[in-house]
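Consider the two complexes below, in which chain A is the common component and chain B and chain C are the respective partners.
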Partner chain A sequence: MTRLLSLAALACAALALAAPPPRTVGAPGKPAQDQCTLCHRELEEARLRQPALLAAEDVHHRQGITCAGCHGGDPAATEPEVAMDPSKGFVGKIPPQKVPEVCAACHSDTSFMLRYDPNIPTDQLAQYRTSKHGLGLAKGDQRVATCASCHGAHGILPASDARSPVYPSRIVETCARCHADRSLMAQYGIPGNEIEDYQQSVHYQALTVKNDLSAPTCNDCHGAHGATPPGVSSVSNVCGTCHLTQREAFDLSPHKDAFATMEQPACEACHSNHKVVPPQDQWIGVEEGQVCGTCHSAGDPGAEAAEKIRHALLETVQRSEAVRQRVERAEQRGMLMDEALVKLEEAHQALVLARNDVHTVDPARVQARTEEAQMVLAKAEADAAAAEEELAFRHRGLKVSLLVILLAVVALGLKIRELEKQS
Partner chain B sequence: MRLGERIWHALDSRLNLQPLVQFAKEKSVPRHRHDWMYYFGGLTLFFFGVQVITGILLLLYYRPTAEAAFESVQFIMSRVPFGWLIRSIHSWSANLMIAAAFVHMFTVFFSGAYVKPRELTWWTGAALLLLALGFGFSGYLLPWNELAFFATRVGTDMVSKVPLVGDWLLKVLRGGEDVTGATLTRFFGIHVAILPMLTSLLILLHLALIQRQGMHEPQEKPPLPPRPFFPNFVLRELMVWLVGLAALAALAAFFPWELGKKADPFAPAPAGIKPEWYFLFMFETLKLLPAKIFGLDGEVVGLAAFTAGGLFWFLAPLWDRKRARGEKSLFALLVGWGVLLYILSFTALSYLGVFQ
Partner chain C sequence: MSSHQRISRKSFLNWFLGTSLGATILATLYPIFRYVLPPEVAEAPTNRVLAGKLSELPPNTGKVFRFGAKPGILVRTPSGEVRAFSGICTHLNCTVQYRPDFQHIWCACHNGHYDLQGKNIQGPPPRPLEAYRVDIVGDEIYVTRGA
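Right after this comes the complex of A and B.
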């Protein structure tokens, strides 16, 4: 009996995960022709009419998959009783706990998906099952996000479509539908300020102001289908996906082991997690408002190292700014300052590398970079001084010429006076 | 016989120059209490000469494309020996030339020198002033810097207000919909070929008319004896030219003409975009006008009023009958002071930031 039950369960699972029957699926690339949309778009009840109206834009419908592909029934039948006959597999509204399986019926079927895109991933369900959402759903929590919560149920657009709720610049507002709801999040022990914090971050600025679609949004750190918070030990791996050089520098630092021992998340300890604001050189130190003070205190070797690092950086930044002003002023006055500008760029690069080396917390490494920057800045400063001297020389030359001309005017005036006296 | 005399005799025997010398010796110019006014025409000519010489020198290095114009001016100012001086003098001399031309025009107007028989001299002079403004407008864009770019965009936009043909004129002037490299090339052509040709012809005509008719003789009581043209007037003119040269050197020394930032057509227009000072009175007036006047576009009404006013000024020899009869004209005097005070006050108030 147990054997029979197991076999039945397996058959059901296989059925649930099987691709839709051929009659519900048309040729790829050709919009689906079904009776469902023809009838439903004429219905008065908005709840039933809306899906039919959205079908024209829906990625599935445009690829020949009819409504019956998900809802079952007979898409060719003109009579409602026949079209929506439960004996023909019609299920009507799909309950949330069934949504992942319904979608996965096709999306986990590699050979089926191959018809649409040879590179399309088919592991979404497997990932979803490991996610906080999937684990919650497995426990019977129907408030967690399923496929339709993020992608929509009808009128689903490809993620590359800017109107899609999972388009990079729109993901944060999609996640915010639940994650900005503090009372809902409180039930899961989540503060609910994550969206607000992220919207103040440099990442959000890059995404929305600079329209840099490669800037990280929620799914880039948490995963998309397998959404879950990165563990303390994996934070540097997550950030290091993009910030490779900072991660390498951090791995060289004594902080790496110390943070692991203290169970402190690496990057997050100084940069925060969601509210990643542009870092400042002034952050380095143990005074109030400076990040090193979280663990170090004045007088300890860490605080001394921080002081040396901050001093080296600020000194270089100040000089760089002063030299840039002199160079730009000379350029505005008409001098060709190309070489000095290239040197300023070189100094800027050295400063960027110095800031990267801050993650090693080794003052010697940072100072080596800032000294490199200072050397280049000295050359740019010499160029600016030479340009200023040339401008001053021109100034003096013109003053002398002015004097000579004025003397000639006076001499001529005297001559005219003499001439007119004679006449 | 000394070398100089030998050369003179050689030339005189071939070209019969003696009558010319005699003519110069006998030529005289009238005198009156304000005869400083006589020198501004010559001073304008001097600055035009400076413009021609420095302009030709700049042409050796200047490249009229959006990609290279700014860099070529930068190169002239940094790498070409004395290029900075040539460019600075060209820029300042352009402004002084227009200033001298304005002073010359007003002195001629106030002295009533435009009446019969000198109507043609007045009209050629007025056309020359317009050409000088054209030189200023077209030359301003050539360094392709930020201020010039946006000021030209605003300035050329005025043309689009001309009824019926405005859009077409705008495209012709800009060489397209917007100010681009095509506009720069077009302005360059206008600045170095069309305007110099027209100006040279008109200057020749203007000078020929003055020579033919002689200078306007003011009514002085008692009349002052005329001044010999050579050497007295020539030396005085030379002194004025030297003062002009001193003014150029002083301006170039104390206010070197800067280059600014390279124009970026995609950048937002910087705040406080203004045209050159000689267009300011018109620019500020147009800005002050309401959007609609009697149902018509305010700017169109303004431009129509400027055109009508300019035409009225231009036609002064025709409406000023009193002066033509040798009488004093209160109306002409009021018109002259009104126009002068309007231009001076609007220009000054614009610089003082009153209109912002």
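Right after this comes the complex of A and C.
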């Protein structure tokens, strides 16, 4: 008997996650034809009318999935009592704790999803259950985000649609609906300033100003369906997925083991987590406002290394700026400065590599790069000096030419006067 | 005024006029002469450059060439096709290079990867590399920008 009951329970569980009944789903690519939207769009009550109006744009409805696909009932029935008959599976408004399972009925069914998109992932529910949201929901917390919180309940658009709340440039405002609410976040021990901080970051700037959709937004570091904060040990892995060279340099440094021992997050210690602003060479050091001072103090080997690294970088940057100004000035004055501009680019590249090597915290490696940059800068400076000398020569030549022409005019005048006297 | 003084003044005027006219002609001819002589620095063509020789670019290799003041990259794919792109990484303007081991274009600064179409495929580069037109004339590879 117990075995029979277990089998029945398993069957029920399987049914709960099965794709919707065939009559609720039309042919892929063809908009759904159902009575639900025809009646609901005529209703006076906005909360009942709005879903029907949104259906025309909804990715599911456009692919032939009727309202009954989620809400149950009979989508072909014209009488409300029949259409919304609980005996036909009608459930009405889906409670938040049921939303993930309702969506997963299709979205976890690989063979069903294959009809629409062969590459669409089907592990969202499994991921969601490991997320902070999913774990909260499992404990009965109905304020946590479910599928509908981010994707919307009706009028759901594909994530690739720029109007979708999960389109890369809109994700932050979607997460902000809850995560910028400090009083709500305080109940979970979260400061609630994460969105504000992120909006000051270089990542947000790249995403919104440069329109670089590959720039990381909330889900790129925290995960989308499996959203959770990266732990101390995984921060450098998360950042390192894009910033690989810095991560490799960091892994070579004595900081790697030291941070692990102190259980400190790696990148975050100097760059912050959400408010990742463009790094400055002036940050390196132990003075007030400099990042090394968090662990090091004046006089210790770490502080001395930081001082050497900062000095090497700043000296190179200053010289690079000075040479660039000379080269650009010569170019503005009409000189061909292509060679010098190429050398400036080489110096820029050496400086970028030197800044990567800052993560090794090895002054010798950084200095080797900055010396390389300085050598190229010296050549560019020589080109600029030669151009300036050439310009000075041309100016002298122009002055002499003008003087000579003036003298010729005077001589010509005197000669004409003399010839007039003779005649 | 004595005739001696007049002759002296006349000859001075003639000398003055001759010398100043001669110097004016020199001042005119010198810039023309400098203009005709080839400059020490090769002047960049605006949109077309001889980027390399086919015989010096075996399959699965690349070569950085100059397009005026900016680098370009010439790539010969493993299948032997020649392609050219801007050599400037779209992330932070470093010069990219061809990596025969990856069989695609790579930027050493922040490990940016571009495929053989110049498309950014891994790492921080936000955009593809600008593609240039390649014309092969005999053994010479010409690259045209903005074509």
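A few remarks follow.
Just so we're on the same page, the second predicted complex is superposed on the first by the 408 of 423 C-alpha atoms of A that agree within 3 Å, B and C clash if a C-alpha of one lies under 4 Å from a C-alpha of the other, contacts with A are read in each partner's own complex, and residues count from 1 in each chain.
Everything that follows uses one rule, which is that a residue touches a chain if its C-beta (ideal position, glycine included) is under 8 Å from a C-beta of that chain, and two chains touch if they have at least 3 such contacts.
Everything numeric here is computed off the predicted structure, so don't read it as measured data.
By the touch criterion defined above, A:Leu353 lies against chain C but remains apart from chain B after alignment on the C-alpha atoms of chain A.
Of the two partner chains, chain C is the only one that A:Glu345 touches; chain B does not reach it. Residue contacts after overlaying the shared chain place A:Ala260 against neither chain B nor chain C. In the superposition on chain A, contact of A:Ala138 is made with neither chain B nor chain C. Residue contacts after overlaying the shared chain place A:Ser423 against chain B, while chain C stays out of touching range. Legend: residue contacts after superposition of the two complexes on their common chain; A:Leu336 is shown touching both chain B and chain C.
Of the two partner chains, neither chain B nor chain C is touched by A:Ala392.
In the superposition on chain A, A:Thr245 makes contact with chain C only, while chain B stays out of contact range. In the superposition on chain A, A:Lys415 makes contact with both chain B and chain C. Between chain B and chain C, C contacts the larger number of chain A residues. Residues common to the contacts of chain A with chain B and with chain C across the two structures: 336, 401, 405, 408, 412, 415. Every residue of chain A that touches chain B in the complex is listed here, in rising order: 331-336, 391, 394-395, 398-399, 401-402, 405-406, 408-409, 412-413, 415-416, 419-420, 423. Interface residues of chain A facing chain C in the complex, by the touch rule stated above, are 206, 210, 212, 214-215, 242-246, 336-339, 341-342, 345-346, 348-349, 352-353, 356, 397, 400-401, 404-405, 407-408, 410-412, 414-415, 418.
Residues 9-10, 13-14, 16-17, 20-21, 23-24, 26-28, 30-31, 39, 41, 43-44, 66, 68-71, 92-95, 108-111, 120, 123-124, 126-127 of chain C touch chain A in their complex. Looking at the complex, you find that chain B touches chain A at residues 73-75, 77-79, 84-85, 87, 228, 231-232, 235-236, 238-239, 242-243, 245-246, 249-250, 252-253, 256-261.
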